[in-house]
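The chains carry the letters A, B, C, D, E and F, assigned in the order they are written, with residues numbered from 1 in each.
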Amino acid sequence: MTTAIYPGSFDPITNGHIDVLNRAARLFDKVIIAVLTNPSKKGFLDYETKLNLIRESVKDISNVEVDSFNGLIVEYAKKKNAQVLVRGLRAVTDFEYEMQMAQMNKNLSPEMETLFLVSNTENTFLSSSIVKEVSMLGGDISKLVPESVNNYFNNLNREI
Amino acid sequence: MTTAIYPGSFDPITNGHIDVLNRAARLFDKVIIAVLTNPSKKGFLDYETKLNLIRESVKDISNVEVDSFNGLIVEYAKKKNAQVLVRGLRAVTDFEYEMQMAQMNKNLSPEMETLFLVSNTENTFLSSSIVKEVSMLGGDISKLVPESVNNYFNNLNREI
Amino acid sequence: MTTAIYPGSFDPITNGHIDVLNRAARLFDKVIIAVLTNPSKKGFLDYETKLNLIRESVKDISNVEVDSFNGLIVEYAKKKNAQVLVRGLRAVTDFEYEMQMAQMNKNLSPEMETLFLVSNTENTFLSSSIVKEVSMLGGDISKLVPESVNNYFNNLNREI
Amino acid sequence: MTTAIYPGSFDPITNGHIDVLNRAARLFDKVIIAVLTNPSKKGFLDYETKLNLIRESVKDISNVEVDSFNGLIVEYAKKKNAQVLVRGLRAVTDFEYEMQMAQMNKNLSPEMETLFLVSNTENTFLSSSIVKEVSMLGGDISKLVPESVNNYFNNLNREI
Amino acid sequence: MTTAIYPGSFDPITNGHIDVLNRAARLFDKVIIAVLTNPSKKGFLDYETKLNLIRESVKDISNVEVDSFNGLIVEYAKKKNAQVLVRGLRAVTDFEYEMQMAQMNKNLSPEMETLFLVSNTENTFLSSSIVKEVSMLGGDISKLVPESVNNYFNNLNREI
Amino acid sequence: MTTAIYPGSFDPITNGHIDVLNRAARLFDKVIIAVLTNPSKKGFLDYETKLNLIRESVKDISNVEVDSFNGLIVEYAKKKNAQVLVRGLRAVTDFEYEMQMAQMNKNLSPEMETLFLVSNTENTFLSSSIVKEVSMLGGDISKLVPESVNNYFNNLNREI
C-alpha cells in the first residue's frame, strides 16, 4: 500500500489544492492532507478552522485523511508509513522553493520521494494569499475556493 | 475617451514609475495614478506624503490625475470609468506576481484590461525598496527619484 | 487616432493570438495584425496561407487589418503611422525575449511603445509550435485554434 | 496495478535519467521507459542504439520495460494501460516546457496524470546534450552516464 | 594587491558560504568576510555570535579577515581599499536580486566590481533560512554547516 | 600571476562583450579572449573575421591577448596556465545555461574557477544574434558594437 502526504499551510484551502488532492487520491491508496501547525508560523486562520474547512471540502473523497503535524515533515511521514510527499507546482518562484525543500527532505530522509503535480490551467494563478486579499477587500471568491471556505469568509466579512 | 489607471504603493515614487507614467500618458486620454491606502499594508511613507511627492513630480504632465483608493482595484476602476490598468514590468519575479494579479482582476471584472509597459533599461534594476535602503544608509538617490522625493529623503536623513 | 500593430510569425494563428487581438481591438482605433515574411525565417506554412487563415479568423472584428511585412518592425510601424506594438506574454522565457526586443525597438525608435497583453489562463500554455506538433501526430486541435486553421490542418493530415 | 510511462528522447540516457527511473520504479508497479521515434526529430543516436544502451543500463531494475513509440504520448499510454507520465525536472526552462506539455496532454486526455520527479543534486546540471558535447571534445563522461553509454561514446571517439 | 569583500548576513554561515569563500581566497590576495550589522535588519543570531561562528569556521584560511560593517557596502569597501565584491549564486530569484544590487552598487561606485561565484552542486539548494528551520524542528544539520555552527545550534536546541 | 580566459563565439563581438572584457582586464594580470572554433558550431562570421574584428576592438587594452581554441575549454585553459574563466550574465536563460557549463567545467577540472561579471544596464538586452538581425534588416547598430564591427556589417549590407 502506498501512502502519500500532501503537506501545507492551507490558509485557506483553495480549488487549486482540491484539484491536486483529487489527482493524488486517484494515484495512491491513501492520501493524508496534513496541516502544518508550527507555532512560529502563524497564519490568518487558526489551525482548528483550517482543519474544519478542509474536512468539509474533502468529505466526498474516500481515501483522504485530514491531519495536522508539527516538526519535520519527513519524521511525520515515517510515523505515518508514507513513502511519498505530494506538492503542487504553479510558477517559477514556487518551483525554486519546492526544489530546495525537496532536496533538503531527500537529504534528511533519502528513501522519501517528492512528487510534483500540476493543477488545471484555471488554477495556475490561484493562491491562498490572493484569495484572502480579494475576500478582505469585498471581492467574490466563490469560484476560487470550496463552498465551506467561501461561507466562512463571507461570515467573517459580515462580522467586520 | 480611454481612461487608464496606474495603481501602486509608490513608497516612494521613482524615476521608473515616472517613465511608465509618461508612456501611458502618451497613449491614453487620461491616466489616474492611484495610491493604494489599505490600512493593512502600511508603507514607510504615510499616504498623504506619497500623494504630495507624486503631485509635485507629475505636475508637468497635463492628462494625469493623482488619487488614492482602497478596496478592490477593479471596483475603483469602474467608479472612475477606466477600462485599462497599467503596470510596469522589470524582472521575472515581478512578471509572475503581475500575471497572477492580472488574471485575478480579469476574473473579477472580465472587461478590464491589464497592460504591461517596459521602462527604460537604466530603470530595469530600480525599485522603491532599494531607493529607501540606499537613502537610509546615506547613499545618493538623486539620479533614481524625482527631485521632490530626493529632497524629502535628504531632509529625513538630516533630522535623524 | 491610435493605431497598434500586432506583429508575429503566426505559424499558425492560435486561439491565444485571437484573444490578444480582440483585447487590442477594444483598446485602439485600429489594429494591424502583421505577418513577418523575412525570407531567412521560413515557417511551416507559407505566408499566403498564413494570411488567408488569419483573414478568415478575424473577419468579424471590424477594426482589424491583416497585412504582412519584412524588414524592421519599427520602420514598418512608422510607414503605417502606428504608435504602438502589441505583444502577448505567457511564460518567463517569452518575457525575457520580449523584453530584449522591446528594448531594441525603443533603441531604434524611441517614440514607439511596446504594450504587453496577457491572454486568458486557458491559453497560458498554448503555442503555435505545440499546435503543429499535436496536429502532425494526429491529435485534435479544434479547441486550440480558429475553425479555419483546424480545417486546414485536418486537410493536410488527410493528404499525407 | 499502476503503470507509469517515462517518455523521452534519451539521446543518450544519462545518470540523471537512471536516477528518475529508479525513483519511479519504487513508486509504481511497472514503469515503461519509452523512446520517442518520430522521424521529424532525428537525434544524434539512431533509435536502435538508444534502445540497446537503455536496455543494458536498466537490466537490474525488475519492473522496468524498455520500448519505443511514435505519435501522441497520450495515445501510446492508453494502449499500454498506463495512468501516469513521469518526467524529471531540473531548471526553470525545463519547468516551463514541461508545464506546457503537461497541460496539453491533460487537454488531450484528461484522465492522464503527469508527475514530476526531482533528480539528485549532482544531476541538476546534467543533460544529454552536454554529455554529447563533452564527449565529442574528448572529455571524460564516465561519471555522467551508465557504463554502456560511456563505452559506446569511447568507441565512437576512437573510430573518428 | 587585490582585496575582495564577501558581504552578507551569515545567519548562520553555511557550507555553501565556506565554499564560496575558499574559492575567493584562491583568487585574491585578501578576502574580507563582512557581516552586515544594520540595526533595522535583525537576524536570528546576534552579530557577535555570527562573528564568532565565522571566525572558528575560517581559521584555517590564511588570507581571510573577519569583520562587520554597517552603512553602504561600497563605502565600507572604499575604506578597506577593496576593489571587488564577491557574491554566491544559486537560484533564479537570487540572480535577480543580486543583479539589482550589483547595478545599484555600480551606480554608487562605478569602479567597484561585483563578481559572482557558483558553489558546488551539493550546495545549490542550501540556505541559511533552511538550515535554521531544519535545526529548530530537530533535524540534523551537521552536513550543511561548519562544525562550530552545528555545535551552537545543538546547544540551543538542548536549552529549549 | 593570475590569467583569466574569456571564451565565447563572439559572432560578432558587441559592446556588452567589450564591457565585460574591460572589467576583467582591471581585475586580472592577463585576460585571453578566446574564440571557439569547433567546426560543428558554424557561426555567421568565419573565425578569421571574428578574430580581426576583436583585435581591432581591443587594441587599446594592454593586458588582453586575442586567441582561438577548439576542444574543451578546461584543457585550453590548462595549456595557457589560466586559473579563471570569465563569463557575462544578462538574463535568466543565460544564467541557467551558464550554471550548467560552470558545473560541468568544475567536474572536468575542479581547480578551475568560473567568475560571472555583470555588464552595464544599457547592455542588459544586447546579444550577438539581435545585432545580426537588426543589421541584416537595415537597422543602425553603431551604438551596439565596436566601430570595426559596425563598419564590417555596413560593408556587408552594401554588397548585398
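Operating definition for what follows: a contact is a pair of C-beta atoms (placed from the backbone, for glycine too) under 8 Å apart; a residue touches a chain by one contact, two chains touch by 3 or more.
What you see is a predicted model, and the numbers here were worked out from it, not measured in a lab.
Looking at chain A and chain C, the chains that touch each of them are B, D. Interface note: chain C and chain D, two copies of one sequence, contact each other through mostly non-matching residue numbers (shared numbers fall below half of all numbers used). Rotation angle relating chain D to chain E: 180°, from a CA superposition, given to the nearest 5. Taking the mean Cα position of each chain as its centre, F sits at the greatest distance from chain A. Centre to centre, using the average C-alpha position, chain A and chain E are separated by 34 Å. In terms of their C-alpha centroids, the spacing between chain A and chain F amounts to 47 Å.
In chain C, the residues touching two or more other chains are 92-93, 96, 99, 103, 121, 124-125. The full set of touching chain pairs reads A-B, A-C, A-D, A-E, B-C, B-E, B-F, C-D, C-F, D-E, D-F, E-F.
Per the touch definition, chain B reaches chain E in the complex via residues 91-93, 124-125, 127, 130, 134, 136-140, 143-144. Chain E makes touch with chain F in their complex at residues 2, 23, 26-27, 83-84, 89, 92, 95-96, 99, 102-103, 106, 113-118, 120-121. On the side of chain A, the complex with chain C involves touching residues 92, 121-122, 124-125. Within the complex formed with chain D, the residues of chain F that make contact are 38, 40, 70-72, 74-75, 92-93, 96, 99-101, 103-104, 107-108.
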